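So that we are looking at the same thing, I have put the structure below in C-alpha cells.
For clarity, chains are labelled A, B, C and D in written order, and residue numbers in each chain start from 1.
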Amino acid sequence: MAATHDMNEKPAFYTIKKADFGKFFESLTRKYKVFAPVEAGDEHNFRQVKTVSEMKLGNYVNVEFPPKKFLHPNGLLMMEFAGSRVRQRAKTGKIALFGVRPCDTHALDVLDRVMTDGYVDAYYKKARGSTLILALNCKSAGDECFCGSMGTDKAIGFDLLFTETGNGFHVEVGSEKGHSLVNNKLFRKTGSPAAKAKLVFRKQINTENLEEVMRSSFSSEFWDETAKRCLSCASCTSVCPTCYCFDVHHDAEPSEKGIEKVNISRTWNYCMLQPFTRVAGGEVTRESRTERVKQFFYHKLLYGKENQGKLHCVGCGRCIRECMTKIDITEEAAKARSEYESKK
Amino acid sequence: MEMKSEIMKTKAKVAFIGMTSCKGCFFEFLLLNRRITAVFDNVQITNFWMLKEFNDKRGKYDVVFMDGAVSTDRELEELKSVRERTKFLIAYGTCACWGGVPALRNSAVNYRSLVYPQEPKFTSRATVDPIDRHVKVDYYMRGCPVNEDEAFEVIVNLLTGKKPSEKEYCVCVECKKRETKCLFKEGKVCMGPVTYAGCNAPCPESRTPCDGCRGPLPDRNIGAEVQLLKDHGITEDDLKLIFSKYNNVAEKFEKVKDEVAR
Amino acid sequence: MSHQGFTLEELTKLEGHAKLSVEMEGNVVKNTKLEVYEASRYFESLLLGRDYREAPAITQKICGICSVVHTLASIKAVEDALEFTPSEQTVDLRKLLLYASNIHSHTAHLFFFALPDYLGFGDVIELSKAKHAYIHLALDLQQMSSDMVKIIGGRALHPVTPMIGGFHSVPDEKKIAALLKRLEGVKRLSLRTARLFSGLEVPELEARSRHVCMKNKNEYALYDGMITSNDGIIFRPRDYKKNIIEGVMEYSNSKHAKLRGMSYMTGALPRLNANYAKLSDDAKALVKKSRLKLPSNNPFHNNMAQAIEMVHFADEAKSILEKYRNGMKQEKYAVTPREGEGVGCCEAPRGLLFHHYGIGSDGRIKYANVITPTSQNAARMEDDISIFLPTMHGKPASKVKLSLEMLIRAYDPCFSCSAHFLELNLKKK
Amino acid sequence: MRAKNDFEPKIAEITAVKKECSDIYTFSCRLRNKKDKIEFQPGQFVEVAVFGVGEVPISISSSPLEKHNFDVTVKKAGSVTEALFKMKKGGLIGIRGPYGNWYPMDSFKGRNIVVVAGGVGIAPLSPVVEHIIAHRQEYGKVWLLYGTHCPENAIFNARMNRWSKNGIESIATVTKTCDMKWNGEVGHVEPMFEKHGIKADVAICCGPPRMLKDIYVEFNKMGIKDGDIYFSLERMMQCGIGKCGHCNIGRKYVCMDGPVFRKDELNELTEKIWK
C-alpha cells in the first residue's frame, strides 16, 4: 500500500485552481463519503462534508483524533453467529479522507505494517483498500509537533498530496487511484514538485542510535517519577495515530424467543490500563504504573522499530497535547538519552 | 444453540429490590425502552414493586438488582434475608455500591438533633452503608444513576451465563472514544481520571465536569489528580467536598481521604 | 371489609414504599393513615456546610423521577438568594427541559403505573408479554421524551447541564434539529395518549377540595408564577412559609402539609382547572372532546389532566425550539456568592415543589428546606379516601382495594421524594 | 470464494467430554466441515470460541498425528472456560488456528530431555511426549516430571501409565496427599531431580509463573544452558495472531513468537518474565 513513485512515466505533479477545487470536491462526494477537517472551538476534527465550504480549515494544524478510526474503528462489528453459522458483518463503504497530514500518512504506514504483515487483518485491509488518502502538506508546525526530527514530515502512501498555494493547490499523485482522480480538465500538469513550507519545530527527539539509548535505559529510575504523574487515563494511547490494541467481544442479542444471535465485535483497549494484561485468576503482568508507562514509550520508541522496521512514534505530538499532567514523549526520550550518556 | 446457562434453563427469577435511594436507578431501567420487552420475555421478574402489583417477597431469586444504601434496621434485615435467597446479587447504583448521596449524612454534623424533634417511625441506623458492608456482592453496577445500557448488558450476560465484566478503567477512556474534548483544556476540573467508567461519559460530553458518581477506581492515581486539581485552583477545603460527594462511607472514603492528604 | 377497617400492606406501582391503613366504624371512616416507610435521607442537613454550587446536584438526588424539576427549583432558590437574574435564553431552555421531563414523567406514570389498572392487567409486564398495542406507544413516547431530556440535560435522569446561572452547554443547531425531530414524535404520540386516557371510564368522586397551583398571566405556568388556590388564596413563592405548614406524622416518614390549616391537592388537575384558558389549541380541543368537565373535583381525573398536559407541553416546547432554530449561544454567567436567602418554586409533574436555602457570605449553605408535592398531597389523599370509601359500600373487598389503590396512584405520588425528611421542629407533640 | 479472514472461526462439534478432575475437562472436537484440517506441532494452541461468551487460547492436548479430531484440556478459570464446562457432546464451538510456535523437536534428537509440567501445563506438553514416543529411537533418556497440589488434580493417569511403558520415565508428585490414596511422590518438583537422578541436556517446562522461576534454579544447577531451556508462556490474548497487542513481552508476541520461548531469547528482552 506504500506509495511507489515509478508510476510508469505518468506525470506526478499537477495544479488545481481554488475555484476548480470546489468542483473536484463535489465530484468526490458523489463517489465517496468525504471526511475533511472542520474547525470546532480551537480544535479540528474529521467530519463528513458535502461541499468544500463545510470544510473549515482556519489555521489547521492537525485533527485532534487521528485517522485510525476510519480503518480500525472502535466497536467494529466483525461477525455474527446465528443458526450455527458465522457470517461476516463488517461494512466498508468508500471513503475519502482529505487533509491527512504527513505524520499521519506515516502512521497509516505503521498500521499497514502491523495489520497486514504476517496474518492479515481482513477488516483493516478492506477498509484501507476502500479509503482514499488525500494528504495535505503543513503550512506551519503546531507547538507539540516534532515530525521534523522523526523523518515523518514528508508524506508517503497517499493517493494525492495537496499543498496550498496562493491561488489553489499543488497536487502530487501517489497511486494509480490518484491518477484516475486527476485525469480531467480541473487539474493541470506541472513539471515541478511543490515548494515546501519551512516548518519551525519547538520539540524534537534525537533518533540517532535511539534503539540503543532506549534499551540501555529500561531500568532507569526516572520512569518511576514519570509514572507518579501518570493518571493511567489512556488519553495518550487513545489519540496516538499508531495505537491499535483491541479486545474482542461476544454479545448475545435477545429476542422474544431467547438468544438466537451473537454479535462479535472489537473495541480499542490500551496498554496504559491495568486490566489490559490481567489473566484469569487475577494475575496482572504489568501491574505497576511504571511498567505500563514504559510499555507505551518503548512500543513507540523501540519495539516498533525492532518488529516492523519503523518507529511507531510519528511525531504528531497528540499524546503531549492530550496529557493532563503534561507527560511529554520528547522529554522522556531526552531523559533516556541523558541516562545513556551518563552511563557511557 | 447451547447458550443458555444452567440457571437460565428455566426462566431466571429476577428481582428489583430497593432500599434508601432516590429510585432513579429503577426508573433508568425503564429507559431500556423497546429493549425492555425482550427482558420481560426472557426472564421472570418476580419482584419490582414500582411496576408490579404482586411481588414475591419470600421466594428464591436467581438475580437481584439491589438498589439503595442500608440506612434502617428493617432494610438491613431484608438485605440479609435477600442475600440468603439469591444466587447472584448485584449492587445496583452508587447508593448500593458506595453509599452514595444518602451516605453524606455520615459526615453531616448532628443531623439527628438538627432534623427532628421526635424519632420518626422507622429509625435510622447510625451510618448509611453500602450493601457490601453487610453482605457479599457478586457484581457492582455503579452510577448515579446507573447506565441502562450496562443494565441491559448485564442481563444479557446472565442469560448466556457470562459473568459481566466490570469497567475497570477511568471515564477519560470513554471521553476519548466518543471524541469529547477534555474539560481540563478549557480550564475546568474533572473527576474523570479517578472514576470508574461505564457511563459513557455523558457529563464531559455536555461540558459538565464528571463529579465522580461511579466511585473511585482501584487503579486511580489520587496524588496526580489532586495535584492537577490544585493546579487548577481548587483549595484544600473544596478538595474534601469534591472527594466526599458519593463515597462518603467510612472505610472507602477514609482511604481516599488519606490519599488526598498525602 | 371489617368493622375495624383494613390495611393495604404494600402499595405498589408507584415511587417509593408506603402503606395505607383505614379505621372504620360501620360505613364511617374514622381514621386514614398513609404511612410512608421509605427511609429518611435528611437532605436538608446534608446540605449544611456544603458549597452553594453543590445544592442542585445533591438535591436532584432527592428523587430520580423528578430530578429535573428538583434541579431547577434548587437552582432558582440559589439564584434568588444570590439575586441573580438568568438570561432569557436560559429561562427558555429551562422551560424546555421542564416540558420534556414532565412529558417523560407523565408517560411513565400513565402507562407503567396507571394504565394496567384500567385495562384490567396486573401490571405493565403482563401488558408487554401480551404484546398489547399500547406497549409500543408507551415505550416510544418514553424514548422520545427522555431523549429530549438527555439532549438538553446531558442525562435522562439527574441532568448535568443545568447550573447556577445557566447551562454548562446549550443545544447547538444540530441538537435543536434533533430535538424538533423527537418532538414531532412526542406530539403525535401524546395526542394518541390523550385520546386514550380521556376515553377511559373513571370512578365518580366529587371531592370538593382546595386545589393549589402556580399561575402567571403569560402561560400555563410551570417555571414561575404566583401560588394560587381555587378558593382565592394567592401568595408569592417566597411567602410559602407563612401559608404552608408542614407537620410530622408520628406514623409516617413523609410530612403532611396544610395550606392555612386545610389539606389541598396539587398537580396536573389543579393546574388544568386553573389554567385552561392558557392551553394550546390542540389541548383545548382535547378537553372539549373528553369526559372532563372543568373545573373537576374528581382526583381520578388527574390522569386525564396529565395526558392533556402532555399535548400542551409538546406545543409549548415547539414554540421555544422554533425560536432557536439556529442553535443557542453559549453565554457566560457571572454569579458571585453573597449572603442571602432564597426560595425556588416550580411545578413538578406531580405538583408544587419548593426549595429554600440560606447561604452564608462564604458561599456555604447555612439553612435548607424542601417541600415536595407528595408531602403536600398526602393529607389530601387521606381526606379523599375518607370521602371515597363510603361510596364503595357493598362492593367486594377486592374491588374496594383496587379502587383505593387507583385513587392513590391517580395522585402520581412519589414517596421516595417525600421521605427525604423535611425540615425541623414544626409540629411538636 | 470468500476472502480468507483469520478472525473467522471454523465450527467444531464437541464429540466427547471427559472429566479429568473437578476443574479440568478434556473436550474432544471434530471440525464440522470435512475439508477442514488441523495440522499442528507440539506446543501450538487454538482459539476456542464459546459463542455469546468469548474466545480463549487453549493448547492442543492430543497427539499431533491426528488431523481431523483433536482434544483440548481446559481448566475452569473464568467466564469462557466456565461456559465451556457447561457444554455437552454435540455442542458447537468455534476454532481458529493452530497458532503460535512449537517445540523444535528435531533439534532435541539424540539428547536427554526433561519435561516439567505444573497443573494444567501438562496439556500442551502431552503432544511433546506423544511425538517422542512415536519417534522413540531418535531421542535419549526422557523424564516427565509432573507436579500438582492434590491427587484429586493429578490428571492424565492413564496417559502417564502408557508413557511409562513406552520408555518415558514419568514421575508425578503432589504437594499434599489431601488424605487420598496416592502412589506417586509427595513434595515439590524441585527435589525430584536429585531423587530420581535426572540429568538432562534439554529442559522443557510449562506451568504457573512461580513454578517456572523455581524450576529454573534447578535447571541451572543441573548445568542446562539457557539456550536449551524452553518455557511455554501464558499471557492475556484477544486475537492469537499478533494484532491485539495484549500478549507482548517487550518486543515479543507470545502468540506469534511464542508461546514456546528459549530462556536465552527471553534474556534479551527489555521486559522480564519474572521480577
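Quick notes on this one:
Quick note on the criterion: a contact is a pair of C-beta atoms (placed from the backbone, for glycine too) under 8 Å apart; a residue touches a chain by one contact, two chains touch by 3 or more.
Everything numeric here is computed off the predicted structure, so don't read it as measured data.
Where touching is counted per the definition, the chains common to chain B and chain D are A. For the criterion of most C-beta pairs in contact, the winning chain pair is B-C. Computed from the mean C-alpha positions, the centre of chain A lies at a distance of 38 Å from the centre of chain D. With centres taken as mean Cα positions, chain D sits 65 Å from chain C.
Distance between chain centres (mean CA atoms), chain A to chain B: 37 Å.
In whole angstrom, the spacing between the mean C-alpha positions of chain B and chain C is 25. Residue positions of chain A with contacts to 2 or more other chains are 84, 251-252, 259, 262. The residues of chain B that reach two or more other chains are 1, 3, 37, 41, 160, listed in rising order. Interchain contacts give a graph that is no line, ring or star and is not complete, per the touch definition above. Against chain A, the residues of chain D that register as touching in their complex are 2-9, 11, 49-55, 77-78, 81, 92, 94, 209, 234-236, 238-239, 241-246, 248-251, 256, 270-271.
By the touch criterion stated above, chain D contacts chain B in their complex at residues 51-54, 78-79, 82-83, 86-88, 91-92. Interface residues of chain C facing chain B in the complex, by the touch rule stated above, are 10, 12-17, 35, 37-42, 44-46, 48-51, 54, 57-58, 61-65, 67, 108, 112-113, 116, 122-125, 128-129, 135-136, 139-140, 142-143, 146, 150, 153-158, 160-161, 163, 168-169, 248, 250-253, 416-417, 421, 423-425, 428-429. Residue ranges on chain B touching chain C, taken from their complex, read 18-28, 30-31, 33-34, 36-37, 40-41, 45, 48-55, 71-72, 74-75, 100-102, 104-105, 108-111, 114-118, 120-122, 124, 144-145, 202-203, 205-208, 211, 238, 241, 245. By the touch criterion stated above, chain A contacts chain B in their complex at residues 41, 43, 45, 64-65, 74, 84, 228-235, 238-239, 251-260, 262, 267-268, 270, 273-275, 289, 322, 324-325.
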